[in-house]
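Each of the next two complexes has subunit A plus one other chain: subunit B in the first, subunit C in the second.
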Partner chain A sequence: MFDWILDFYNWRVVGQYVPEFTRGMTATMWISLISLVLSLAIGTLTAIMRMSANPFLWRIAAGYIQAIRSTPLLIQIYVIYFSLPALPLLGRRLDELEGGIIALGLNAGAYMSEIIRAGIESISKGQVEGAQSVGMTYLQRMRYVVLPQAFANVLPPLLGQTAVLIKDSSLVSFIGVFELFGAGLTVLSERLMPNEAFLTVAACYLAIYGVMMVVSDYAQRKLGGARS
Partner chain B sequence: MMEVIKLTMPFLLEGLWMTFKISLITILCGSLLGFIVGMLRTVGGWLVSFTLGIYIHALRGTPFLIHLYLIYFVLPSTGISWLQLEAFPAAVIALSLYTSTYVAEIVRAAIEAVPKGQSEAARSTGMTALQNMRYVVLPQALKMMIPPMGGIYVIIIKGTSIVSVIGIAELVRAGEHATQRHPRELMVIYGMTALLYFAYCYPVLRLARWAETKFGSVRLPS
Partner chain C sequence: MNKITKLFGLGLFALGLSVFAQAASADVVKDIIKRGELWVAVQTQGPPVSYVDTNGNRTGFAVELVQMMADDIGVELKLLDFDWKGLIPAVVSGKADFLAADMTPKATRALVLNFTRPYMYSRNVIYSKRSKSYVNWQDACVEGTSIAVVQGSSNVGVLKAKCPLATIKEFAGGGPAVAQAVSADRADAGINDEASAKGYMIEYPEFKILQGAPDRGPLSFATRPEETHLLAWMNNYIMLIEADGRLDKLKNYWMFGTDWKTEKEPVPKG
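This part shows the complex of A and B:
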């Protein structure tokens, strides 16, 4: 039995690769974090554009959201990684990491945008009118009144989408970015041990997911308490 | 450019056909499995519900890419002969398992969205729990499950792009092959691939939105 387990999952080999896996996990978390910030910025901007009365603005936002939602992330990564370097204004090649992060940010941005829009729509009109009546400008209203409440209202789906983003970040390994899944691929190619490689990677992702669930529970309780 | 489009289109369409086949089989298998899991989770005892909860969280907490590699590379090394899967069944099984977690949540949410008074009324007229489920709850719940299924179908279609890594000649794979033949027209080819995906997914999303106005929908716990 012991032999069979060691044959199926040799933890000594995994032990040798602990630095790789740690490096991969750190990379995954950084990539996810930067993409998250990017996607929230894009999401907020396009959500506001989508709700604007200007047909030009909302058409651009709606087109972007539809395009992202109807194509797979993998194709988006390929298109961005291979096409952005062709743009002359950049002046240099975009490296894999930058391409991957931009693709992830643009992809998650479309989903975030829909969630944030729902959040903004959930704010009652009286709030905006109240802010207007004390003389706040549009930007001030958004910044101090609407957006803080909107984000608080849609925190659970935002966190859910963040979990999706973390999982999706595994796809940037396809264009050669080193992250958690890439660490698994390294073990596979160096030792030809798929079990040790991918079961470990799966466990690492589950650990990240577990932390996410705890954080999301905490945030929900905290906000829920303040609300009721 | 037109030349390349004309040359590569047949290959891409072949890839799209494969994508279509996989996504269709998957939505059938995945929905069935998800329906069973969702029903068991609602009507089963706490142990069943707990076990299936772990199943759902384990699949939700890891990327689909990992499921695919586990099923295609890790299962065969258990040495059990029926777990030695070819690429196509491995892809369909991995995608179906992944889909089932989403469907299970939809099924549960829809069943719970049927007002309690309905079940109470049914039980008070002497219906058994099974009859109540069969004649009162499910007919109402099924309607609410239809609109979100459109979203699931699109998730599956997009998920099929990933199975290209285990060598299935679907749309992305076909695109990659085409770019190897015409490396200079890479952008055109990937652009066309994206357009084909769009042509497949967009109508489904529209249909789902239409169904939502018609049947109403359930709010999914995220």
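This part shows the complex of A and C:
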């Protein structure tokens, strides 16, 4: 039995590649985390623009959402990394990591915005009118009344989208960013052992997902009171 | 009685399964003859070894060589296209009889697969844009330069050993992705086997191959460790076509020449 397991998955070999897997996992976690923050900011802003009465604003938001949702993520990564010229504010072109994170953030932002919009629309009009009646400005209403409840209401789909974002982050390896999948490829290339390469990568993704679940449980408890 | 019949049936079924399993793994050469098909795993995107030409046909050095193999023993050729990552699992799991790619039989790799005798030795070269001042490959290996390489390829190890000062940028997506990175000024230079690099010189007229080569290695096909008969047969076949000149003809056209890039027809059959 022990021999059979070792035949199927040789952890002694995997042990030799712990530094690569650790480096890859750390990179994947950082890339995912920064992209997540970026996508939530973009998503919230786009959701508010999409619901605006100003046709200029909602058309821009709708166009962005459609453009992102109708094109593959890999193409978006390639366009941002290979085709974008030097940015005027930065004075240079985006490097691999910046390009990858921005592409992931923009991509997830479009999906997040639709989820957040559903959350905002789930808040009853009475609450907004109530906030208006006590003299709250638009920003105050959003900050204190609408958005906390909206996020609490759509936490489960947001988590689902975050899981997709973490898995999608492996695509940045196409523009030369070393992450978890790259670590698996190193094992595959040097040792030709697909089980040891890909099962380890899968286990690391599972571990990241586990950490995310713990964090989200905490967030849910915190926001639980805000849920409407 | 009913119980005994059921038990007997189950036993027969189990026996049948074990016999089937044995029959499938005893000697794949016998299987090839029996099924009348040679199952070969080739790389999806790897000119000039295996690629789809402008007419939509799969061709290249490895494809033409295994076609010749199949023709010589009178069986049909069934090509299975895989990304580099899929080649090894395809062979290990038995979906393909062997893999026909430009793989270097490194010591750790040969622990897992049975490699044939090399069909050729290939140099790995460094190329850059003509506008760069580099002449020799060492010129691109100084501090501050970046070199693009196919992610997970054996060239990553070559760069780490021979170009430790340069920044290594690993691109998934094969040789074309590396060439694209050099063309888009995302890396100062790229590394690839000489045959592929020569191909890029036509596709990207702004490229040049730097003099010398940081590495030279054997290229082989490979099968499962237990397939000793198939390995002996493949080695024998390579020896035969070496002797009658057909291997050189294929190598000269695909691996050392660039006519395959410009000619749509004909493809030499060896």
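Going forward, the second predicted complex is superposed on the first by the 195 of 228 C-alpha atoms of A that agree within 3 Å, B and C clash if a C-alpha of one lies under 4 Å from a C-alpha of the other, contacts with A are read in each partner's own complex, and residues count from 1 in each chain.
Here is the rule we use: a residue touches a chain if its C-beta (ideal position, glycine included) is under 8 Å from a C-beta of that chain, and two chains touch if they have at least 3 such contacts.
Everything numeric here is computed off the predicted structure, so don't read it as measured data.
Once both complexes are superposed on subunit A, the partners subunit B and subunit C clash. Looking at the shared chain after the overlay, A:Q140 reaches neither subunit B nor subunit C.
Looking at the shared chain after the overlay, A:E96 reaches subunit C, while subunit B stays out of its contact range. Once the two complexes are overlaid on the shared chain, A:F82 sits against subunit B and subunit C alike. Shared-chain residue A:G176: touches subunit C; no touch with subunit B. Contact with subunit C, but none with subunit B, is seen for A:L192 once the two complexes are overlaid on the shared chain. Legend: residue contacts after superposition of the two complexes on their common chain; A:Q132 is shown touching neither subunit B nor subunit C.
Judged by the touch definition given at the top, the superposed model places A:K167 against subunit B, while subunit C stays out of reach.
For the superposition on chain A, the stretches of subunit C under consideration are 81-89, 153-161, 189-197 or 261-269; the one running into subunit B is 81-89. Residues 82, 174, 181, 188, 194 of subunit A are contacted both by subunit B in one complex and by subunit C in the other. Note for the complex: subunit A touches subunit C at residues 81-82, 96, 173-176, 178, 181-182, 185-186, 188-194. The part of subunit C that touches subunit A in the complex is made up of residues 85, 88-89, 92, 106, 108-109, 111-113, 148, 151-154, 156-157, 169-173, 177, 180-181, 184, 186-187.
Touching subunit B in their complex are the following residues of subunit A: 8, 66-67, 69-76, 78-79, 82-83, 86, 156-157, 159-161, 163, 167-168, 170-171, 174, 181, 184, 188, 194-195, 198-199, 201-202, 205-206, 208-210, 213. Subunit B contributes residues 57-58, 60-66, 69-70, 73-74, 77-78, 154, 157-162, 164-165, 172, 175, 186-187, 190-191, 193-194, 197-198, 201-202, 205, 222 to its touches with subunit A in the complex.
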